[in-house]
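In what follows, structures are represented as structure tokens.
One chain, chain A, links the two complexes that follow: it is found with chain B in the first and with chain C in the second.
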Partner chain A sequence: MCQVDEDYQDGLERAEVPSVSKKCVKCKEASAAVVIRAGDTYCRGCFKEYFIHKFRAMLGKNRIIFPGEKVLLAVSGGPSSCSMLSQVQEGLSQNAHKKLRFLPGIVYIDEGGAVGQSVEERQRTVAELQAVFKATGFPFHMVPLEEVLDLPSSVVVMAPSPSEPPASAYKAAVDHFIQSDSSGCLTPQYQEQTLLPEVQESRTQVLQQLIGSAKTLTARQDLLNTLRQHLLVHTARTKGYSKLMLGDNCTRLAVKLLTSLSLGRGAQLAQDTGFSDSRYGDIILVRPMRDYSAKEIAYYNYMFNVTSVFIPSLDTKTTDKASIQRLTESFVTKLQADFPSTVSTIYRTSEKLQTACRSSCTADHPDRCLLCMCALDTAVENASAFQATLTSEQLSQSKSLGATRTEIPRQIRAPVEQCCSSGGGEDCGRAETGGDCCSSAKEPETIDLKSLLCYSCQLTIKDMASVEHLPQYILSEAQKRQRRYQMREEISEFLLDDGDEGD
Partner chain B sequence: MAAPIAIHLEFGGGAELLFNGVKEHHVTLPSQSEPWDVKQLLVWIQRNLLKERPELFVQGDSVRPGILVLINDADWELMGELDYQLQDQDNIVFISTLHGG
Partner chain C sequence: MPVLCSSCAEKRAVLKRPKTGHSLCKECFFWAFEEEVHQTIVAAKLFKPGETVGIAASGGKDSTVLAHVMKVLNERYSYGLELMLLSVDEGITGYRDDSLETVKRNQQQYELPLKIVSYEELYGWTMDAIVKQVGLKNNCTFCGVFRRQALDRGAIMLKVDKICTGHNADDVAETVLMNVLRGDIARLRRCTAISTASEGEGVVPRCKPLKYAYEKEIVLYAYFKKLDYFSTECIYSPNAYRGYARTFLKDLESVRPSSIMDIIHSGENLSVREGVKMPVQGTCNRCGYISSQALCKSCVLLEGLNRGLPKLGIGKHHRLHDKILSQQPLTEKEERKLKSVDF
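Up next is the complex of A and B:
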């Protein structure tokens, strides 16, 4: 009796559900399907166009990827990076003047070992993603995170960047490319198929020990991010790519920005969240998805069948307060729900950030953090908040420890055989002047890791029960740098100091 | 009385983990005096489908922020959100955009 219009309802076709009342703001004809921002309602077709255009515009505006350049796409299987992959495919299929003109490849880092997935689960995920990657026709590389244990120490050394091409070079390269464009030259000539290499169980255990040695989820996530990035950069270098594309979206970057602030990474914000990031020198990190919100990406992927694979991470099924990263994410998503425009304000702030260049970074090789590769922010004047923190920390420790200066977590005993067996006569010879390397078998050299790290990475290392589990490439580079500093100190009195002239 | 209605539910982006990893559910909502709306659906899902950790799916009487809802392939913001009245054969999709689901 209360359903007067029942018959009428049944007669309607599904597409004409009357409750979709709003029209698309773009074409003003079709009914809207997505609300991008308050008031911006798009129909399906216009939403697709807007989404595709934004990707090309982002790359076009920044002019950082040259025609014919090899670009490695870091695809985690998540919605954002899978969407990035589909946009690259879309861009390559466009007609000549709208076409993307670089040579893409894909890298997938399998972190299953770090998050405790079984071998079967890892294989299933890899197989699922491989099917997606194969369909693109791009070369792809499947790399287990365990390989981070065997990286060379050159990963944490900044490589010289190729000489910067003049601004006119970009246009010339594009013109040249359009002229010589036969669609054939874009399709990769060979299909490199790297299946996931067999991973020894013992390697997985070593990796788990390493991640597990971080006592808090905050530090574990930070450590995992660092290791993943090292492995990505290494893969790009060894496979001959010069750009690494990351799928960070605007929601993610807003979270990252606020997280970075809380983790004491203020000095590195601009690099951590900007469009391009040159901290590694030769490999430039690029974030083309930074204009998309997580919502836009989720809707696009759902509506246009972009496959993504759900991969559990360290914070899967954890509560809001499990880690600083998680808490920040929950703060940002709640903010997004209640005050939708504030999130884009946060991330737009990041665009305006620049790291003030101190005198030390004007040098050719400023000292860089051993882990995150950013310029060290710890060499600041005495009246800084950083020094104040240090002083109060030292005071509290000198009370409890009775004025001993040794701090267990930051001082580690490096494996001795490494130093001598590294074979480089140069290494041993250098050490003999300072640390008496070869006879140090009884008294191993200690590394003060702390002096080689930025403030934030120091905090992460402080949260680790022991740094002995850190991969060898980090430890041996630490040793090398330590010796270099010691040498510099020893000869410092013979060097002319330009700071003293005033007195 | 409103007749029972059959609807299709879909969970993605990691939200399916709270439902034993099952992404698609065909369910029938029993007949009740009022027509079903999304708000009531959320309560029903919590009682009948959700396997664990309700706080990771609902907050207050709405979905947890960061979980997106589509009603018949359209943003639920266009459909009246919690007040949308469900019709027979409706398709409701929940996608988590949170890191790690």
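Up next is the complex of A and C:
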């Protein structure tokens, strides 16, 4: 997740050469140790102060995390999330200047199964991270990605958010916290540790089948992101956390913004890259590292010995054009080298955006994407890129209904009665889709996933050979929603207000 | 084994559509391409019967295909439009003079009236002369700003109700990327609109009927229709930074062909946060053209050229606008900053 700074290793040496003669721009006394941007030289002490202040300022400015709240830190092992962990540790220490007042916990998702690591490799990584986590004294949870296969459907349902607290509530909560002598409850009372459970090999295989059913790396990465987020949210919910802290840094977010844009996620850009993301309702995703560049983090980790662990991901050791995510990352990194303001400009663009459909407070799930939980962006006017694409597909296909050929875009359907529903039984024999076409008949009902997904998740599913490997919680929720749609259609003439779901 | 057309299932397919991946025969491709442009025009309600429409024609592939398709569709679906060709002569020897020859041939082939407006008659400067003063850096700024206004002036001379331009899907997606890379939120919001709202005096509404047509399909269409078009890059080198966005887009397309449409979809669904400062549209104090500043960009650029300070319009010198308007002399320091540096 956060291996971006690998390129900066040699940058370290280069940057330090010219700075030897210079003084720190902050204290103007000590000689400079780092050059953050052109002309900004900092000495060791001032750099540390600047770095720490930035973290507190980000949390202080946004006032989203209340004192005494349980916050789950998603640590991937990469430099950025490890740096976040060290900042939280620093902020909670007894001598901290502006002490943080929340109760942290750590979650690590072991994705080794999806990436194809051996059991030994996975164990080694987990052991390494476990040592880091233990040293913090925070409760931590090691969760294998395989557990995503057994999630409940409630994960993809937006939970009602606790009523929005008024602006004054934050101050009141702080006052209250300070009065009720807080020193006792700051140190975690218990040491909850969930060590990595033994993962059955068969489960890993099922997971690999699921990831492998996506034919392109772009779709595989997108799918993995979705699954990871579901598992993170589920872990936060079951362990009683209300905030989930992600380690996305500025560089990462610039890449993510451009990637999301290229994947058709324009409507969700603000949620994908903003400071907070409330798409799950009860669990709020927070990105406190979004002001740091990957370079700053690399400097800090290097100078103050923050350990991070190298974790391979799906696009490790692939070419630039292996996937859209990978291509965008290399594009931004290269452009940043020529034009140093690239990342910050893209990042500032993201600050000016907002989600198209304001999330309504009601748990109005039928209008949210089954996978990414964002408001559906497919109900668009006639003159739109979405409609134009549909028109193109229609016009390029046979006008006569019976003759189906391999060129027809794969119907996005669950593994049920595919052949009979797509008009004409003769295509059962098609070699290409024969697999998912006839292997089915487990359930009598046809699920049309397409109508339940946002534009971009439709693209991902389109890139999958079949959806039968999708975890059960997704398929059963899809069925449930489908049934509700049908029901609504049946009673539609009696409903007075078309827009009101009424549940 | 020959591949059969996926649409008519009778003839041999001769091409694979870059947009959808379907294999089509020539006739079915023509039909699909034209039909899609028609759908776009109808869905976005671009024209009303009886309107006079100026087609911005450069002689390049996009505008040649646009002129051809507009003529075909106007007849096939009885739009009731009066079509005209409108060209701008920037005065670039060895480039525009050749491409204008193509436009003149198109005029005869399609039997459409043609109007050419030139930078020289409008501004007193040809691009050749501008490049001589400005150099090869930033000259595209002059050309782009002047062309926008030149088209409007030509449209007013011709008394057309609307202008349509040959911008294709690739152009729109590229512009979305560019505006993100430049952090230009105001343009980011506007750039995916298929037509500009009528913005008042002196500005003719514009639209992009080829907004959802892939550049590659436009070339295919022109190729199989054997259309007469001019394909040379401008001799005054294209904008370097845009080149990065273009290469990136082509790479994206090669990874996932739908990327171009996906980016346009993203652009169409973006929304800007409340409270973000947006430029306010006003009019230029000198020429009355739309402008967000006291002086419109082309007046500032022109002033710079005429005073021998070409950098006046490059970068931000809003504070100097009042001085220019009241015809006050600039200080020596200001002058030195705005002179072109060529050594």
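Points to keep in mind about this one:
Everything below uses one rule, namely that the second predicted complex is superposed on the first by the 414 of 503 C-alpha atoms of A that agree within 3 Å, B and C clash if a C-alpha of one lies under 4 Å from a C-alpha of the other, contacts with A are read in each partner's own complex, and residues count from 1 in each chain.
In this text, contacts are C-beta pairs under 8 Å (C-beta built on N, C-alpha and C of every residue); 3 or more make two chains touch, one makes a residue touch a chain.
All of these numbers come straight from a predicted model, not from anything done at the bench.
Three-chain overlay on chain A, with chain B and chain C fitting side by side and no clash. By the touch criterion defined above, A:Thr251 lies against chain B but remains apart from chain C after alignment on the C-alpha atoms of chain A.
In the superposition on chain A, A:Thr218 contacts chain C only, with no contact to chain B. Shared-chain residue A:Met464: touches no atom of chain B or chain C. When both complexes are overlaid on chain A, the residue A:Leu395 reaches chain C alone and has no touch with chain B.
Between chain B and chain C, C contacts the larger number of chain A residues. In the superposition on chain A, contact of A:Met142 is made with neither chain B nor chain C.
Within the superposed three-chain model, A:Gln336 lies in touch with chain B and out of touch with chain C [touch as defined at top].
Between chain B and chain C the least C-alpha distance in the superposed model amounts to 16 Å. Interface residues of chain C, counted against chain A in their complex, comprise 4, 6-9, 17, 19-24, 28, 31-32, 35-36, 39-40, 43-45, 176-177, 180-183, 185, 188, 194, 212, 241, 244, 248, 251-252, 254-256, 258-259, 261-274, 276. On chain B, the positions that touch chain A within their shared complex are 2, 12-14, 16-17, 53, 55-56, 65-66, 68, 70, 72-75, 77-80, 84, 87, 89, 93, 95, 97-101.
Taken together, the chain A residues at the contact with chain C in this complex read 216, 218, 257-258, 260-267, 269-270, 320-324, 327-328, 331, 335, 339, 342, 345-346, 348-349, 351-356, 377, 380-389, 391-393, 395-400, 403, 405, 407-409, 455-456, 459. Per the touch definition, chain A reaches chain B in the complex via residues 3, 9, 14, 17, 19-22, 31-35, 41, 44, 79, 251-252, 255, 294-295, 297-299, 302-303, 310, 312-319, 325-326, 329-330, 333-334, 336-337.
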